[in-house]
Amino acid sequence: MGLEGKSASAGAITLPLEKAVNWARTGAMWPMLFGLACCAIEMMSAQAADYDMSRFGMELMRGSPRQSDLMIVAGRVSRKMAPVLRRLYDQMPEPKWVVSMGDCASCSGVFNNYALVQGVDEVVPVDVYVAGCPPRPEALIHGILRLHEKVRQEPLTDWI
Amino acid sequence: MQVEYLPIAVLVLVSTLMAFAIVGLGHLIGPKRASARKLEPYESGMRPIGPGRRQVQVHFYLVAVLFILFDIEIVFLLPWAVSLRKLGLFGIIEMAVFVVILLVGYVYAWRRGALEWD
Amino acid sequence: MGILEQATELVTREMGDDVLDVTTFRGETTISLKPMAISMAVKLLRDDPDLNFNFLAMLTAVDYFPQEPRFLVAYQLYSLSNNVYLGLQVPVSGKGPELPTIESVYPNANWHEREVWDMFGISFVGHTDPRRILMPHDWEGHPLRKDYPLGYEEVQFSFNFDEIDKRKPYAKE
Amino acid sequence: MTAFPAEDQIPEELRPLLSERALTGETIVLNMGPQHPSTHGVLRLILELDGERIINCIPDIGFLHTGIEKNMEAKTYEKALVMTDRTDYLNNLGNNLTYCLAIEKLVELDVPPRAQAIRVIMVELQRIASHLVWLGTHALDLAAQSVFLYCFREREVILDLFELCSGARMMTSYIRPGGVWRDLPEEFEPALKAFSKDLPRRLDQYEAILTKNPLWLDRTVGISPIDAETALAQGLTGPLLRAAGVPFDLRRTQPYSGYDQYDFDIPTADSGDVYDRYIVRMQEMRQSLRIIDQAMEDLPGGLFRSDNRKFVPPPRSELGHSMEAVIHHFKLWTEGFRAPHGSVFVATESPRGVLGCYLVGDGGPYPYRVHFRTPSFAALQALPLLAKGCLIADLVAIISSLDPVLGDTDR
């Protein structure tokens, strides 16, 4: 019956360390204040009272990359902004994830021209793409919940 | 009388243990992937201009000292406020004297323009 | 409209042969001038007491690529007291496009001229800060020229997804 | 003096702009860069600081340059409309209106009165929504956290109204050449009446919180005052110019889209500092509400979009039984209508100032050149003048009082 069974009957719930750590990480994933364009306004609406992203642990939009775990690329990334985006991503502490919010971040959407990076995955590795131009606040929150599911399945190996 | 202090001792012990545990565990178990770009000083996303350590205006020091001064004053107010009923009139007069002394210092700093910025 | 006639009459009288022609289209009067005459004309229009064109509404350029005077720098002046717009146009040749700056007359022309330099490559003589404004400072080429490619990237559909995916520079960790 | 390590030297092109004290290291040169809580988007300011005092402030824009004007040259007139939503993403309908007015002036297409009234309602709603975002972030920057949540609660009501008639919250593209995309649904009128009855009470709440709040007054009164001449010379327009005392509002001086039928007054102030800009914008929201009420009362009947089939595609219902409709439909949606040779300049009053659209047609279906004269571009250009000599904390108040939208600046 394995260890869990015996200790469960003794009233103690055992949990693999991996699940516990991953669950703890999805608890308070602070996004970095990284609003670029129109999606930033929708991100603000998602943060405000009506849609309230703080219900899922996204309480604070941290200003500096040092204190944030999640980078929501909200808006179009221009060629001039790409090195800045990469430097900010590098300066974030280790368990970090990237949500590419909106069509402009995911594949530069309507603007297929010289000025934009065609999709932010050329600059930073992206975990979740949220479609929409701009995506509704519910869509952003849905994207973040999918990210939480993905974080829960992350293997322990590449962590230590 | 010592029994009174046992809860405080336990509180201090547990809090220091907790603090060291949290920081220590994070330091021991947490992954450390320091890269040159990560350790570069953060300057809102751009390459920092000039070195990090630099001569800073003396006025920052002055404001900091003033803050510490009046912060300590508040720290003394706390235990006084808690045991005010026992101290009675004596306590009020004593604290009044203490506050007035600091008030003189405050007015002096104010008149000399330490609070104005330049 | 007395003001517009007055303005055009003043400019033609003062500038003489520098005025190429005066056109009205959809109720808008536009005076086209020789490149070197622009700063003088603009000073005239602003300092004249009863014309008083004290607001530079717009300054931009248009690239008529195959035609010879390739660029056309367009200005829109607005007079607050008379509530009237006046357009100025300056054809500029394609080789070594150059124009005197009007920053001394209208301070807000500074950035507009920097943008025209950045986007079209038309340099403004006497500009205080001739840097690029919108593009990264080490960018070659001037994007809004007609011979500058749009930078179109082929759209990934299902049939051509794989070979485009190989060429796409994804960011590793 | 501390020696500068080689690679961290001040970049070459900035040296002439800074004072020589910066080169000797006496004053600090600092990036208030693209990613900063109080720059309202990706604006980078290179600050030269003497302690907290700002000696020099050099704005560096272009971090959101999307090449919209180049992209619009590759699309037909109607399809390029989608791009205008995204330049000033707080004033989507205002951009649509400016671009459509320019097209209508170029091809001489007249707009039925009902469409003009609907356009006025939508643009004024957009102005209130844009001012609410400004007020929310302006108060948030000056530490009034709750006002941010209140303002976005009101804005959600307006976004629901937009969604009601155009299907999208922000990027509506509801105003099309010749009129509007669809007629107003029946639920729109009661919803708008409820909103316009409820908003004044909310605005009084905000004013109760802020207008006489000593903290607010200390942070905003007397910060970066600007007089009318220098404001005009710097190209400042809209609330920034009206705060300096010049009642210049294009809806009054050059009425477009039927604005002359409604009476509303132009709020102005005198000293042009951050507090006066706040007062002017708060009054403007009330005036916009007055316009909406008047426009909603006598909303004329009739067509919501011009029926000149040369430029306006026919509704789907007509396709069933008329051959010309099918031909017009096919021609307009594949190739688009052609505009004559010539250039046109149309300016409207956006929440930030004069928004001009310079449209050049070359006889073909694609716009030959589109240029937007945007108010945020001029506002940020005046920032060094406004910010010289004040503290960093004041700079935060000045930036948010200019209400810059970087999509508007960089296009």
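Couple of notes before you dig in:
A, B, C and D label the chains in the order they appear, each numbered from 1.
We take it that a residue touches a chain if its C-beta (ideal position, glycine included) is under 8 Å from a C-beta of that chain, and two chains touch if they have at least 3 such contacts.
What you are looking at is a predicted structure, and each value in this text was computed from that prediction instead of being measured.
Taking the CA centroid of chain B as reference, the farthest chain centroid is that of C. Interface comparison, A-C versus B-D: the pair with the greater number of contacting C-beta pairs is B-D. Centres computed as Cα averages put chain B at a distance of 44 Å from chain D.
Averaging Cα coordinates per chain places chain A and chain B 34 Å apart.
The mean-CA centres of chain C and chain D are about 22 angstrom from one another, to the nearest whole unit. Of all residues in chain A, those touching 2 or more other chains are 65, 80, 84, 88, 112-115, listed in ascending order. For chain B, residues that reach two or more other chains under the stated contact definition are 45-47. The multi-chain contact residues of chain C, meaning those touching 2 or more other chains, are 135-136, 143, 148, 150-152. Chain contacts in this assembly follow no simple pattern; the graph is neither a line, a ring, a star nor complete. Pairs of chains in mutual contact: A-B, A-C, A-D, B-D, C-D. Contact residues on chain C toward chain D in their complex (touch as defined above): 25-26, 28, 30, 54-58, 60, 62-63, 74, 76, 80, 83, 85, 87, 106-108, 110-112, 129, 131-137, 143-144, 148, 150-152. Within the complex, the chain D residues that touch chain B are 2, 4-5, 8-11, 25-26, 28-36, 44, 46, 50-53, 391. Taken in their complex, chain B has these residues touching chain D: 43-51, 53-57, 59-60, 117-118. By the touch rule above, chain C contacts chain A in their complex via residues 135-136, 139, 143, 148-153, 155, 168-173. Per the touch definition, chain D reaches chain C in the complex via residues 13, 16-17, 61-62, 65, 67, 69-71, 74, 105-106, 108, 232-235, 237, 246, 248, 253-254, 342-345, 347, 354, 356, 358, 360, 368-369, 371, 373, 377-378, 381-382, 410-411.
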